[in-house]
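The two complexes that follow have chain A in common; it is paired with chain B in the first and with chain C in the second.
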Partner chain A sequence: MNTAEALFFAVRLWLSIGAFVAAVFLTVGIDRVDEDARGAYVFRPLLVPGILLIWPLVVWRWGVLEMGRDRWAARYAPPRATHMAAALLMAGAMVVAIWLGLSSRQDWPADIAPERLSAPEVSQ
Partner chain B sequence: MSDKKSPFFVGYLPIPARLRPFLISAALSVVAVFAVAGVMIGGTQDDPGPGAFRFDYGRQTVTGVVSLVPYPLVHVTQGNDRIKPGHTLMLTGQGKSSVVARATPLERQLATVSGVILQRGALDMLQVAGGRNGLQAAEGTAPEQVPEPLGRWRLAGEICDGKCLAGAMRPGRGLAHKACANLCLIGGIPPVFVSSQPVEGSEFLLVTGPDGTALPKSAYDFVAQYISVEGAVERHGDLLVFQIDPDTMEVLP
Partner chain C sequence: MSVKYIPVQWNRNKWLYDGVMLAGVCAFLWLFIHVSPELLSHEHPINAQVHNARAFGACAFVMLSIILAIGPLARLDRRFLPLLYNRRHFGVMTVFVALSHASYIVNWYFAFSSSNKYEALLFANTSFGQVAGFPFEVFGIFALAVLLILATTSHDFWMKFLTPPVWKRLHYLIYPAYASVVAHVSLGILQEQQNHVFTGIFLVGAGAVALLHILAALHERRAGDPKADAGQGGLVRVCDVGDIAEGRARITLLPGGDRVAVFRQDGRLSAISNACAHQNGPLGEGRVIDCFVTCPWHGFQYDVTNGRSPAPFTETIPTYNLSLQGRSVMVDPTANPPGTYVEPVPVPDATPTEDPA
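Coming up: the complex of A and B.
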């Protein structure tokens, strides 16, 4: 398996698990953890693309809500203390990534002249 | 808990006077930063070059001798106003496909080819039209095409897919284009080596594997990077063919 095949396999595996999670969560789980969703069905297919991508988060939140460990008030208290640092770090990381990308670019070898290593063989 | 003296922004209410300077300066700064960053990053990109599909030329039809090196070529014997006799054209199919299967039964025979030209300076290629009118046998005796060996060379430059380089894509070369180039090469598009300096008067050389085989898969990892590589050069008509030795490929610093 080469690198491209491994990447495709990983993406397929991730999306397949996501599809399974979406199928179970949208048919069973959502009714159990969100009373406002009971009896509402049209919006559920809209959630499928998101669940395919972030299914681990869906599974984790589903588990938290099922086990009654949800601290609903915490949702309204975002981690303010780290937001500024995270934002600055991400902005800095973007600049560093661009700088690294540009600094590792090759220069066109305009000064390397073609070199003939041997003359063509003369057939008799 | 709340400070009633602190201004608070609400989108559907007028902006509090104390927040207005901050809001205006922040908005202008964001626009300015993105504009400057866009210009600076854009300025680092290479010129994509003048290559393009020459739809303005209209459909081009010429007659010539088909050869496979193993990529299909036609050595023009009866040209037109734009494509002169003696010129050697690389042939490609539509999209990322080759015309090897259609050209193979016509190898070393006269054929009429028709399609759209891609052109980038001295480099050109014919995208053969679909159907029988694109490539069909022609009446007459095909003159023998004898390649002229030019010896073994070490060249510096870049392996590209010839179609995108000639103008199907802009940019049609460089790392940003590597994935597209490799897909084209997998599809059988003729690969082209862009030499750092002209070789026997030509900056562009059709690339093959050793002894006239297709470009080896081991070369795909080197596509779109600046490399040095050794191999035999032959002149086929007015086109140079570079039969690379993949074991000698080295990425330049």
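Coming up: the complex of A and C.
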């Protein structure tokens, strides 16, 4: 099995576990942890893709709510202080990406002679 | 706001918002494909498949840039708040556009491999050690995965289930995703541009997003909410009573990091959490009408005396005990459980201060 096959297998495994979690959560768990979901069935298929992708978070929150360990105060503490760091990191990463892209561009500025690239490495 | 969950909470404003958005997407694609091939340097596309892939890719980048610009714009100028109202639908539509781009790419460049086309996408180029010819597809794959996570967790159920702070932190993934899209474009399509119009549009768009976020963060730091002053008996001083305009609130940062919003309504003061139960929007920036404050982000309402949404809705937020010492508004920084009634405090000299708005 090469790296690409291993990655693809890992993705399928992740989604398969997610499908199992979705089946159990949407038929048993959701009614136990959210009173607004009781008797509401039409919206549940909309949740399936999200559970497939973030099922570990679903299992964690389900466990917290089942065990009564949910702290109400934590619901009202938005992470506003981290916006500056997030904005600066995003801007910095963008500058680096654009600089790398423009500096490796073969036809800009126009007076630079094109350079022949080596063929891409192929792992298979 | 809902008592029972439904798939999508449509209303007239959302229909209008989505209609304008869909028309914008169609107009962009039509313009890109039929009107401006020379301008955007794709007058000689390899085939229709690649032509469409570029159109949907460019559209997804523009949509993502607009989505990311809405938040800081609304922070810097309240007139942009209506755009924030239905931003989640914008995000979901962006995912469909991005998926169309990815589908055109995979079904053209990798569909004729003897291997699985998705595996082929991963092993076709593994030159991770060089900048020129770098397998830029990985940046697109990462960004698409993030967009899928954000779109599929956009239903209100997720905010209540995960809690708004966890949901927000999850949705912070949009920042590395956008940087990843910029890398995807820079090391991808930007490498073969024959003219610089597309390059210019791309740089202006990405630069505007980065600049707006930095400006909004600086604005928050400079003109952010003041900290409460230390008081006596465990109370903290929020402000002078004259600082609160009638129908409005004063938001203050408490010692524990929470924000309290002290409202003045009919010459009486009430204190509630500044964080809306829905997405933790800034309730203190809303206006009180008939005892109910409306969140400026998505219109959720709460009675400022008990932190409860009007029936039949069930959302609740914490309240705070408060008192007046002279003209100082004093607040107990320990929040009451969500939905706890607190008797409003009358302002002795209830001369209403004019609402500047």
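Annotations for the structure displayed:
In this text, the second predicted complex is superposed on the first by the 95 of 124 C-alpha atoms of A that agree within 3 Å, B and C clash if a C-alpha of one lies under 4 Å from a C-alpha of the other, contacts with A are read in each partner's own complex, and residues count from 1 in each chain.
FYI, a contact is a pair of C-beta atoms (placed from the backbone, for glycine too) under 8 Å apart; a residue touches a chain by one contact, two chains touch by 3 or more.
Keep in mind it's a predicted model, so treat the numbers as computed, not measured.
Of the two partner chains placed around the shared chain by superposition, chain B and chain C are both touched by A:102. Residue contacts after overlaying the shared chain place A:87 against chain C, while chain B stays out of touching range. By the touch criterion defined above, A:47 lies against chain C but remains apart from chain B after alignment on the C-alpha atoms of chain A. When the two complexes are overlaid, the chain among chain B and chain C that reaches more residues of chain A is C. Contact with neither chain B nor chain C is seen for A:20 once the two complexes are overlaid on the shared chain. Legend: residue contacts after superposition of the two complexes on their common chain; A:77 is shown touching chain C, with no touch to chain B. Within chain A, the residues touching chain B in one complex and chain C in the other are 98, 102, 105-108, 115, 117-118, 120-121. Remark: chain B residues 41, 44, 149-157, 175, 195-199, 225-226, 228, 230, 251-253 touch chain A in the complex. Interface residues of chain A, counted against chain B in their complex, comprise 98, 102, 105-121. Taken in their complex, chain A has these residues touching chain C: 2-5, 7-8, 33-40, 42-43, 46-47, 49-50, 52-54, 57-58, 61, 65, 70, 72-84, 86-91, 93-95, 97-98, 100-108, 115, 117-118, 120-124.
Chain C makes touch with chain A in their complex at residues 2-7, 115-116, 118-120, 122-127, 130-133, 135, 145, 148-149, 152-153, 155, 157-158, 160-166, 168-170, 172, 175-176, 178-179, 182-183, 185-187, 190-194, 196, 199, 203, 206, 210-211, 213-214, 216-218, 220-221, 257-258, 273, 275, 277, 280, 314, 317-318, 335, 337-338.
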